[in-house]
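Everything below concerns the one structure shown next.
Here the chain labels run A, B, C, D and E in written order, and each chain numbers its own residues starting at 1.
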Amino acid sequence: MADITLLALFEDIDPAADAIEKLRHMGVTDDHINVLSGAPIPYKMLGRPHPHTNVSKLSLGGAIAGALFGLFLNFGTPNMYYIPVGGQYITPIPPGLIVLFEMTMLFALLATFLGVFLDSYFPNYRPMEYTPEISDGKIGIFFKCAENEQTKIADALGVLGAETIKPVEAQQL
Amino acid sequence: MQMTVDLNRVGAKGAIAEAAEGKWGMSIDRDLCTGCQACVAACAMENNISFVGEEDAGYGRTQHWIRIERFWEGAYPNVKIAGGYQPMMCQQCGHAPCEPVCPVFATPHSDAEQLNLQVYNRCIGTRYCANNCPYQARSFNWRDYHTMPERGNMVNGKLVFPLHNQFNPDVTVRRRGVMEKCTFCIQRIHKAQDKAKSEGREVMDGEFAPACAQACPADAITFGRIDHKDSLVSQRSNEGRGVKHLEDLNTLPRVTYLKEG
Amino acid sequence: MSEKITRRNFLKLTTAGAATAAIMTGCGPSSRYVTREPYVKMPEYTYNGLSTYYATTCRECAAGCGIIVRTMQGRAIKVEGNPQNPINLGKTCARGQATLHGLYNPDRVENPVRQGRSAPQLSTAQVSWDEAIQTVSDALSKTNASEVAFLMGTAPDHLFDLVSDLTDAIGAPAPLRFSALSMFEARATLSKAAEDLLGQAGLPFFDISNADVVVSFGANFLETWLSPVAYTRSYAKMRRSRPRTRGYMVHFETQMSQTAAKADEWIPLLPGTEGLVALALGKLVAQLRGISAPRAFASVNVQQVVETSGVSMEQLTRVAELIAESHAPIAIPGGQALGQSNGLAAAEAILALNALVDNFGQPGGVSLSPLAPNAGAHHRPANAQEMSDLVAKMKSGKIKVLFIHGVNPLFELPQSFGFAEALHATPTVISFATFPDETALASDYIFPDHHGLESWGYQRSQTGVMQSVLSGSQPVVAPNYNTRATADVFIEAARLAGGKFVQALPFADEVEFIQSKIENLIARTDGSFIAPEINAFSAYFQQHGGWWASSAESDSLSAANALGKSLNVSSAAAPIGENEFFFLPFVSPTLGEAGANKPWLQELPDPTTTVMWNTWVAMNPNTAHELGIENDDVVRIVSEAGSVEAPVYKYPAIHPNAVAMPFGQGHTAYGRFAAGRGANPTDVLAPSFNEAGDLAFAGMKVRIEKTGKQQPLSRLESRIGVYGEGMYEEK
Amino acid sequence: MAVLSKYLPGAKKAREDHFEKDDPRQYLMHDPIPRGQMNEMVMESMHVTSWKFWMVFGILSVLVAVCFFYAWGYMIAEGLWVAGVMRPAYWGIFLVNTVFWIGISHAGTFISAILRVFKAEFRRPFTRAAELMTTFGLIQAGASIFMHLGRVWLSYWMFPLPNQRELWPNFHSPLMWDLLAITTYVLGSTMYLYLPLIPDLAMARDRSTGWRKTFYRILALGFRGTEGEWRHLHTAMNFFAFAIIPVMFSVHTIVSWDFAMAMRPGWSSSVFGPYFVLGALHSGMGAVAIVLFIMRYTMKHMDYFIRKEHFDALGKLMMMVSFTYAYFIFNDYIIQWYGGNLATDNLLHWLEEGPMSWMFYQMILFNIVIPFAVLWIPKVRQTPWLLAIVGLLINIGMYWERYIIIPVMLTINNMPFTWKLYEPRIEIYLTIGTFALFLLFYMAASRLIPLIPVWEVQEGQMAHTMRKIGKANVSTISDFE
Amino acid sequence: MIRKFFKWAFSPMGRIAVAIAILSLFSLAAYGLYQTQQAPEQPIQFTHKLHVGLGIQCLYCHPGALRGPSPGLPTISKCWGCHQQIAKTQTSALLKPMVEAMDKGVGFTWVPVAQVPDFVHFTHRPHVAAGLNCENCHGDMTQVTIAVNPQVMNMGWCLSCHKERAAGDKEKLTKLTDCGTCHY
């Protein structure tokens, strides 16, 4: 029995949260539900599990890498070819802190940015399930269900206030 | 030779610079300097310094590596030149403010000769060193003055520059966009060292002189090792009239000016 | 390379590639694509990559300093002083250093040309040297000898000897030597004064180095006067060479020159009163020393001198005390004091001051410069009077052929002399100029001589050192252009002309002539070297850069004659009216008389004003304020003889009633670096002379007119930072 | 739940009843309209171009071509002599421009990061406009630095790249720190601009056709608005908001160290770091005021998004910054004056009496006196054109401040013999060029990028409500971000 | 603007164009570097192989290396000193420029092969004095006809040898790695 992806569009948050609750009761697991929205809606409001993110870990990793790179630049490179300047120590600490800071921040920021890309699979131009109404502020609940349960679920969600419930195909965004 | 260094005077970083061996230095007797510009001309001829023409010269773009300053004091008829003429060039500071600010190490300190170097081909022209030089001793190549078309002659459709024949092959001809400054005629230092080495001896005091000192008709400029107590320059610098310029900035200049009188 | 790429393509390809490589790697111009040409036969003493040094003589002024030129693979790189030459002992001035910019000047006369008086351009009508020599030969032989005139530079060199020999033999008037420098130095006056007081014509030597009080009357001996390098050395010795004694220097001059700036006291006075001040000083010194003042000094009214000269009584007394208490005082008469209508008397008064303190022939006193070897009777530069006579002769058509070498009278002589018209009236004018100067361009022919560094020769020293010096020249580089030594031209021309001409100059070439002239020195044992015969002697002569007596010569001079002479000094400073000023031209210390074509000399700042590349009118700031003149305002200076325009420099150290102007700029020709730049102060000088025939150039009365124009002067100095109290406004 | 007033039926009506009609302020956050409508407004503002727009665009393009690219190319070909820099003013307007543009760029970060961290809600509609200023300003700053180099084609030597010369750059040099800091800031602020832009680009993608569709599709990266995407984005933006603040402070501090680390009278001052940061904010706020004014009056529908309340808040900020700036300028000059160092004394006299003193007095007038005098008045703060004029004056004053610090202070140094006044030459054209390029970028961006962060506005409107406490209507914000 | 460019750059044609541009820049640079290492065409196909094979010492023709900065090229009269005694070389077409130069006294030009830029002041003397052999830098001349440059004479190459030579001697290392030793 083939699964089908359905989309239920909601205007407001409360019906959407109720709908998710309903779906869960009807045997659609959280794994098979995907909520799309035009503005960030905290997961707690919809009663959804906490989405996992690696971004902060990557930031930390970037910061560590940056710090090491900064240390290398300030304390490593001068020793690779000794050039004295103006009576300064060859690897002074105070300017080193600046280099260290800037490199740490740069790498951390880059890693964070790339982290978003990695975690979200950006850029992704393949056809995906989507409807433009989501960016109009609607809350779209995409869920997979068995084809034969389609009507049942649609009815149940309709009662909860879903504007449209329709099967969706992956489409070119 | 070990020199005693006053830590209170020069600070911890300066102590290292002051204690260094191989320091070349200069003493300039302001009592003797007649302001005749022979040093300026000699320096220009030795070091391939370009002249810049009337407009740029008046606008503060002269390339002189050494300039003779004079300040007025008093009013007519009791006016006089304060303290005599003052030749001003790179002071080859032991603690040079120009050096650390270059982002690409174009003006490093020479540990071997204890001079401030200017590596022309490394310079990218940020001009930070010149801003940070309290002596205003650096000059920038604002354009390729040497090859300005009005200095050349058309010969068979090709621009030739007869004046280039005079160039000293021991000194790089600077192109536009790089900083330059007095080098204490490092090419002469190298030549003398090379000669001394090939003869298996040390460079003798007074064996050679930079172009300015060699030309100076009044013998106002003395050059030599200032870490050798018995060299002429050390004797002159220490005879009691010596002052160093902007000493309070702790740049540890290697040029001592001898006061008038 | 396997495939055949033509050389041109190779260069093209590699240049493109190298350009990219240069951009990528950041290296500058790569000299890889410079090809190298090996010598077919290497010159002797030349090593690859090593310099060769040649001793020769500096030709930038007449002082005759010995120089050593560093050359490398046929190019002259650097001029250094010759440490052996007693005049400069290894030192050089700025003008000597810049002589290479003359050698490699882009504006030299490269070929002999038929100029056809087509100023202001250098003619392109090239002639061959054979034609040139024929022309000279014809000019010599087909003209009545008395109608041939030779005009030459101040330096008493071998060419002057050669021409003198020639004129002697053919009965032509003796060659005249002249330059603006000798005119502004008033050499003739100095020589005449020496003759009157010391009994012998010649330039006195002032032993500054051993003096302990130096009183200079406008003698700018640190700049251009007589032998500046030698006197600068003396000055340094006077100040610092003796333990516990630092010589004291007082300078009387209307404006503070570079020399005055180095004096301990600069005392401004009115131009023309120097002689009076000297007499007054003499009277006071005699009183202080308790000796009976000679007649000349006794008769002067000190109070009156104070009034005329503008020097205060206190100053006079202080200077007199200084002199009186000193062991070795010396008084020096300089150009500005002598270039007055009373110049000769002033010179005598100042020299007599030396007689009064009895320093004639003493260390730290005045002596007569020893004569250089072979110095003859007419070894004195022409004074302005003689030049004026020559001009008159030329104007009246009595000169048919004029040969000019080493002097540029159209520029150097005041316009009021009328040399331009005189030149016009002379049928044939042949110039031997190295550079296309004004006179050369107004000549019929230019047969360019070598530059000084390309030529043989010798030059006598005239003063500056108490040794007899003959500085030798030799070519340090091969001639760059199609030029020929003028001596050779004359020798060849004489051979062509035959007869008495060839008898006068029976030489194969210039070198043989020089050898004939120095041959008599072989016999002298008191020289710097000894050689058995002429070839060895010539070799040493070149190697050492000349010949000189190995020790100083002393002469015994009596002061009696000087003190016995009655001196009639009157003030030459006529009262001036409203908006009238004393005009003081002086030779630019950096440019000299002929340095304007050397770009690095142009870029040297003037020591007192730091002006570069231009002429200025120095004016007291208070005077300028009264006249409503600001810095850089162009003013017109008008005298009875003419006018000149230049921007004003408010100079704090000049008498309020005087304006000064440097000589050296104002060329209409003379190459791209000189032409059209600045103004020539001689344009306002009138032909008035002193008793010795020198031009009375100093203190001429002029008016100042505003033109309303402005021309910013290029100054090295800050316009806001060098005047202590007034640094917040532009000065 | 009262928080989501928008989703409660009749909420708008109820709020209007409670809203005091005579309140001079209007709150965007309390004036919600459906997201779809907002989207349409923003999309329309991007599409609408008049002939005036194209005329200005054309003029700016010509200016950029001539004054920026041609002038710069000419300078590279000819050498720096065509500029007015000389001894002793080795640095001229190029560096003034650099400091100025970096200053302008600080506004974006300040508004979007600091105000985000402190949850200042009025920031929402114009964060993007301010961030664009950051990025575009930094481009001008970078270009100005490169313009000033004598051999710009070798500037890559400043980057720490392994090379055959075995040479690394000199980390002692403040210029090196500058390079690292500005690089970090450029990259950081560009990323920080881009991250919150993604949802809006997705929105634009959904409502465009043709080349715009392709354009937005590529830039939106396939963003759909899933919970995960929002979560990653939110985490990243939170990190950025906190991390870019010290970077921002470090950048202008380090720029100030170019001067403060030098041994020059007037420069060697330890207060320069915070003084420059404050100065940067000062000019940045002024620039934001100008940009908001222009946006509000030239772009369609912007009067909905940008309201008097924003100008009012901005005016207060400007006043606060102006106070602080006054404190720093006092600190800087009084300490130098009191020290009595000869060269510094000369410099201060020069500033107060020299030929450039007019600039000094204008700086004081525009940066301190005028903001003090007029920003007290609510009417001025709430009148967009008045605030824009004050912003403009502040920017002129701040430009003079930088001009005084660089060429004018360079004039006076320890060697009075070299003092000379600087006259800008080709720098004037290049300055015009950078301004034109900035405006050109901005104009192009205004038609390509949603200048209003719609989703943020929506988020803000979702989070706001009015509560009646006692007899007063009180604005409240939920803590749900 | 920038995004527009990226959009274009990401299109297939754009990618190809960018790739071509970058490749051509690099290949041009590489070609330039390669060319600097190639033996240029010389007026005479001088065979180092043959001359060194005959046992002639390098310093016989390039004596300047012992004395100063430049080793120098032999004067043509020096070449002629040997070659005039060899009948074959007097008539050889390959040596025509030399014969002509001797006749007319006008030299011809060689293209230098191993050379450093102007801003590097290289002196042969200390290198020879330090015991370096010519082939250490110039390669084995017994293997080449026209001299070729065996390596890219860049700063890293100089420095690595300097560092190696000065290993252990601090004073020497200071002198040999000082910027002012070569650049002034």
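Side notes on the structure shown:
Here is the rule we go by: a contact is a pair of C-beta atoms (placed from the backbone, for glycine too) under 8 Å apart; a residue touches a chain by one contact, two chains touch by 3 or more.
None of the values given here were measured: they were computed from a predicted structure.
Of all chains, the one whose Cα centroid sits at the greatest distance from that of chain B is A.
Core chain by CA centroid proximity to the global CA centroid: B. Distance between chain B and chain E, defined via averaged C-alpha coordinates, is recorded as 34 Å. Remark: chain B and chain D have CA centroids separated by 44 Å (rounded to whole angstrom).
In this assembly, the C-alpha centroid of chain C lies 50 Å from the C-alpha centroid of chain E. Averaging C-alpha coordinates per chain places the centre of chain A 88 Å away from that of chain C.
Looking at chain A, residues 81, 83, 85-86, 88 sit in touch with two or more other chains. Residue positions of chain E with contacts to 2 or more other chains are 117-119, 154, 159, 179. Shared interface positions of chain C, defined as residues touching 2 or more other chains, are 23, 25-29, 716-717, 722.
Listed by label, the pairs of touching chains are A-B, A-D, A-E, B-C, B-D, B-E, C-D, C-E, D-E. Within the complex formed with chain D, the chain E residues making contact are 1, 3-4, 6-7, 10, 152, 154-157, 159. Of all residues in chain E, only 25, 28-29, 31-36, 38-41, 63-64, 67-77, 101-102, 105-112, 115, 117-119, 124, 154 touch chain C in the complex they form.
The part of chain D that touches chain A in the complex is made up of residues 1, 4, 7, 34-36, 39, 160, 166-172, 176-177, 180-181, 183-184, 187-188, 191-192, 194-195, 199, 202-203, 205-207, 217-218, 220-236, 239-240, 243-244, 246-247, 250, 254, 455, 458-459, 462, 480-481. Residues 26-29, 72, 75-81, 88, 90-98, 100-101, 103-106, 108, 222-223, 228-229, 232-233, 235-236, 239-240, 246, 256, 258-259, 261-262, 266-268, 480, 589-590, 599-605, 607-608, 610, 612-614, 620-622, 652-654, 656, 672, 677, 712-717, 722-724 of chain C are the ones that touch chain B when the two sit in their complex.
Considering their complex, residues 56, 59-62, 67, 69-71, 88, 97, 100-105, 122-128, 130-132, 134-136, 139-144, 176-179, 246, 249, 251 of chain B touch chain D.
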